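One chain, subunit A, links the two complexes that follow: it is found with subunit B in the first and with subunit C in the second.
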Partner chain A sequence: MHSDPTQFALIAPATLSEALALLSNGRHTPIAGGTELMVALAAGRLQQKSLVSINHLPELRFIQTTPTAITLGANTTFTDIRRNPTIAAELPLLTLAASWTGSIANQNRATLGGNICNASPAADTPPALLVYDAAVTLISANPETRELVERTFPYAEFHLAYKRTLLHPGELLHSVTIPLPTPAHHHFIRKVGTRNAQAISKTALAAIATVGDHHTLTEVRLAAASLADRPVRLYTTEAALLNASLAAADITTTVLRARAALASESCPIDDIRSTAAYRTAVAANLLEQFLRTLPA
Partner chain B sequence: MTTIKLTINNTPATLSVSPIKRLLDVLRDDLHLTGTKEGCGEGECGACAILMNGELVNSCLIPALQADNATLTTIEGLANATHLHPIQQCFLEQGGAQCGICTPGMILATHHLLAQYPNPTDAQIREGLAGNLCRCTGYMRIFESVRQAAAKSLLPNH
Partner chain C sequence: MSETKSILGSSPLRKEGRPKVLGAAQYIDDLTLPGMWHGATVRSTIARGTIRSITFAPHINWSEYAIVRASDIPGENAIVHLPKDHPCLAAREINHVAEPILLLAHPEKSALLAAKAAIHIDYDELPGIFNIEASEAAVAAFINDPNDTDNIIWPGSSEGGTPNCFKNYQMYTGEAAPTESALVEAFEAADFIVEGEYTTGAQEQLYIEPNGVIAECDLDPVTGHVRGVTVRGSMQCPYYLVHALTLVFNLPEEKCRVIQVETGGAFGGKEDFPSVIGSHAALLAMKSGHPVKIIYDRGEDMAATTKRHPSRTRLRTAVSRDGKLLGGTIDVAIDGGAYATLSPVVLSRATIHAPGPYKWPHLRVRSKAMATNIPPHGAFRGFGAPQSLFALERHMDKIAYTIGFTPEEFRRRNFLSTGDHTATGQPLVEPVDMHHLLTRALADSGYHAKRAAFAESNQHSRIKRGVGFAAFMHGTGFTGSGERRLNSLVHLDILADGRPQVLVSSTEFGQGTNTILCQVAAEALHLPYDDILIHEVDTAAVPNSGPTVASRTAMIVGKLVERAANEVLATLRTQAALPTPHTREQFIAAAQRHHAQQGFLRASVRYEPPAKIFWDDDLYRGDAYPGYAWAVYVAEVAVDLNTYQVQVTRFDALQEVGRVLHPILAKGQIEGGIAQGIGYALYEKCVYKDGHLMNNQMTNYIMPTSADLPDIHVTFEEVPSLHGPGGAKGIGELPMDGPAPAILNAIENATGIGFNSIPLLPEDVYERLTSLTARPHGGAEDLNPVVDQATRTESPEVNA
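Right, the complex of A and B next:
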């Protein structure tokens, strides 16, 4: 059922401060690349009747590199991410996640901000951002004074529950800042969907780790898509793996312990794409694959 | 209603439309350019693909207002008065089109692919066209069309 376009308002303010001033009464919804909201419009299930386009705002479309971190504006598209050689070298999991987020036509429009703020537990970039310890900067305008207010949080705190985030009405995600991993970090990501191209994941696992002198995991961060009602870090599994041995004599024990820890903290949903049991089993397999590919 | 200005196939146009009207409908209803097709209406099939500021996009997911001041190329903008565009010619010669619904999107996706990778690998062709679904050809003839178009465009004087 198509919606009647005349029932919707959409405006495109010239600057970020004008957009924030408009949004500050909490009655308008931002639209970036539209690859979520326009699908909802087509299906006749777009609830929000008044939209503010932020897609054209250059203040939100940038990639800034410093010696210690990379900051991406919310309007950065997946194509922007894929074309950036620094991201490919330093944050390969983000480049990979961007490369399998829908088709090329989708990647040319879909934004990082939209992927995060849409807050689907199955979205592709959150697991990578979680293991990279990203921070999110949110921005809003005070409704009376129009003064701009910024807040910065660890991205791990951003998702509160199913489709619920830290964002207040009228607030925008401004940017995502990712500290650069060291050359010693090993990176892993794998998505399992129905087919390779353009499929939403049944589950996905991202991981980064360092291995010390005695074949032990000296640091490990894990995150998954679709193992809970929101994108999650797997803290219990991380704790079970810290200082665990990857030596040939110990790897089987380490893998079993990791699989059990993951199963204990995994609480996926059953939905049209998959079942909870399948998701947990596949995520455990991905975790095992990651552990067995680390240098022992 | 809102006024938008765009350049469509090298011609400037000014239109008065609902700002959230799908660019696909603006092309077909307001500009009478019915070469751009609707398959799914939700970003999955690529039948509505066009070039916007040189980038491949699905016009069913773009609100008209976001095309304000954009430069658009649709399938109607590829051929000249006497000759098909070489990519169109290759689709014709290789049997890359049957019912034709997916074809405009396939051709624009090919255009976008070859602009980036003039000599694409099979994997690049596969990825470049992964967002374009075809219910007729079984894809092999489309592949051959793209390969021929790449080979042709690599020839001198082209």
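Right, the complex of A and C next:
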């Protein structure tokens, strides 16, 4: 332990509105499952000395299903996601991504909200949420009036830069809403980590697509982990692929074009886990694997 | 004798298993002594230089703390090894990152953090030497110009060694001069000369429980002098720590008491390092007047304590057209880190294992341990053998492909067998049958069928599969005259209630020492296993049966326990009318009778070298080990060309380790060693920057998880040895030697590419594959290593 726990304060308010009121002065840091912040504490890296626990708030832990969308509260744990049959049937990439994260013990505590707000470019759920066109709802309390303020954005706009998000000080992620894909959508996700379990991504690629009558890609959404300073949608590669042909005569050209587009918008780094060159090459291989498994 | 089921070869419950499973076992951090303080270590942040000043910030009330510096050490400022180059605390010179400079203790553990942060150390920094090549370059510069000592980081010592080189060996298959001449002729006559260079990386032991100790100091209330010290801790070798304390405190051995508590894994990482942390805690106990506990956390343990020696091995081999080794030279270099520590001994095992299980008509092995500004490398399961055997077993495949043989057939033409002499001139008196081991291992693993099937399926798949194997041996016990010098002693006591108790300094750290030694005693005494007690390892009570290292416990210490048991039996038969055969009740009655009539019964038995064992330390010739375990390991891999990841998909391990004492523990030892070997080959990389270990945490130091490991099939050939109890030989280190070369041989089978460095990470596979594509002409030989048989080949990259 490289921190002295007596130097930290933790408040655990009884309700969400109390939590928002406390947070509204912008001087506290919310903590949910703690699987990131407690590691930082042990390593002596946790700068925030005053924490507000939201871990126990039932207002933030729910999975709501409508005919067109699924909404997950920010406190939904990875285990909650893995155990939900509707998510497994409708959003299989999210179930898979949740199964990759940390250990079982981590998955029991770690929350979807924490995974998003921690804003690591290597996080497991963001690529799936990005290709599913998720939207995020943020809530806060007006510091003077205590009035509840709610904002909703496409998740693709949430990450601004390395570890920077749309969240204002005092604001909480309330929920993530994901429109249900159609049965015609093909889903793909693959993570390449440092090992098969308890691993952080070297890169990961998520994709969903529909294929039209003439072997053409009528819709394609791609997203990746660890290819940039934040989780990213790969818009340039998507544009290169839209209406591209998967017919046997064209697939090689389509793959090459997609790989080139991906290389052009990929800007990973060399770090302790891998190299930039490897990340770009493997992401392109995963994209090719996805394209070649689509029905031609 | 009554016909009962043999206890040896059965798998009784571990002696200490019950409290471990129930969570009742007390590890060092579970213990608290009255008035105990907590200690911490202030370490260097540079790799090389000198301390200019140490400043204590005024906002801390330093009078609350005990502070120890080098000048406080009552004895010598040295951790005991042959040369006394390794300071207990750095006084002025810094030779590696995380070198201990000051020790702090305080009643509150949390008060240590702020204090450490409030100590500022200024240095005059010098450029560091961080690998073997840089250390060699410094030697070359020094030889060229004796005034150029800028990069000489270790001067040599009166106990041996030369500038930047802790130790070197030359080992010949005969007299030096005639062997050199014979080698010249062998290379002249060779149809093929095959060369290769192979490197291995550092590896962290990753015992579950980090290093930790509690020390007490007995101070004379009048003079304040230290009258004695007691250290409890997690460790392998309590008498090593006793020895270290005698030097640091200038005390006689009987005033330095060491108690091993339950130890959560070691793998060599708690062989010599407890001498450092144990001395530190004892110094703080002296300074504070309180018991002091020091427990490293994972980050400190990984950054500051020993790892496996990185290595570079070059082989040059003369081979005939019919697949016979005619001669060879092997040059082994290991990176010893900043101080000599155990490097000479590790190097010795690397040297002696370098020739492998093969007949070499003429061979020269030269080896050296170089100094670098990295924390000292130390003992780790295998102890030098995994390094040189990796090189050899990769090279054997290279030779086979070069001369147009299969890896199997080439090895068969050169295997040692019973009656042959090893490269050190040791006659193999006990039966050795490598041919049979190879035949069985290849059959059990389906090797031939897989090779054929994969050759076909690889043509249509982005996942390339392959199989490979390694043939090797591991010497049991200390090298050469080592066991004679250790002069190990064990006691077997008969307690008042008639129960026998084993007293040894051999420690239990998960591998099964307690259990197998009690099995040996039970078997020899014809008593139930549950009747045998084993004494806590407390140097005030147990004799020095040697360190718990070198795969020596089962064979060497086990044999002493067996002899002690036989002595007890003989005494009870002659003096207490114990009948032959006897029942448990008769034994207890006789033991109690003896106790009543003649008092306490203790059998003490000392190591006696087998009469024929001979070893010459100067020539490095003779009987290197009392026995060898022999093995053939087969790895099956899948290389995914989408991700460049290598997955080991199946592993078969066949070994001849003499009589297997406890099949479940033995299988566990082999499986665990193979898992560590897979980590060594494919996952575990120590990333250094300017001498700092950058990945000193388990999220970034990647050890394989159960999800990364294949089915491991463990089988034994049981050929009883003369030397061990019930015919047992050593087993602990053997499984570390074979996985890495078997896996890289399998990767060459899968991809056609020979990789010669470990750890081999996906990024390395990617780099190699893309460089081959980019430069097709440069890489052609790599893709197809089988070359024209009539052509002599010499790889250009190697300067021997």
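A few points about this structure:
The definition used in the following text is that the second predicted complex is superposed on the first by the 295 of 296 C-alpha atoms of A that agree within 3 Å, B and C clash if a C-alpha of one lies under 4 Å from a C-alpha of the other, contacts with A are read in each partner's own complex, and residues count from 1 in each chain.
By definition in this document, a residue touches a chain if its C-beta (ideal position, glycine included) is under 8 Å from a C-beta of that chain, and two chains touch if they have at least 3 such contacts.
Keep in mind that what you see is a predicted model, and the values were worked out from it rather than measured.
Once the two complexes are overlaid on the shared chain, A:2 sits against subunit B and subunit C alike. By the touch criterion defined above, A:167 reaches neither subunit B nor subunit C. Of the two partner chains, subunit B is the only one that A:12 touches; subunit C does not reach it. In the superposition on chain A, contact is made by A:285 with subunit C only, not with subunit B. Once the two complexes are overlaid on the shared chain, A:194 sits against subunit C while remaining clear of subunit B. By the touch criterion stated above, A:274 is placed in contact with subunit C alone, subunit B being left untouched. Of the two partner chains placed by the overlay, subunit B and subunit C both lie in contact with A:43.
Of the two partner chains placed by the overlay, only subunit B lies in contact with A:34; subunit C stays clear of it. Counting contacts as defined above, subunit A residues 2, 5-6, 42-43, 196-198 meet subunit B in one complex and subunit C in the other. Interface residues of subunit C, counted against subunit A in their complex, comprise 110, 113-114, 297, 299, 641-645, 683, 687, 694-695, 697, 699-700, 702, 704-708, 762-763, 766-767, 770. Subunit B makes touch with subunit A in their complex at residues 2, 18-22, 25, 41-44, 46, 49, 55-58, 60-63, 65-66, 68, 109, 112-113, 126-128, 130-132. The residues of subunit A lying in touch with subunit C in their complex are 1-6, 42-44, 192, 194-200, 202, 272-275, 277-278, 281-282, 285-286, 288-289. Subunit A makes touch with subunit B in their complex at residues 2, 5-6, 8-12, 31, 34-35, 38-39, 41-43, 51, 53, 55-56, 79, 102-106, 108-109, 196-198.
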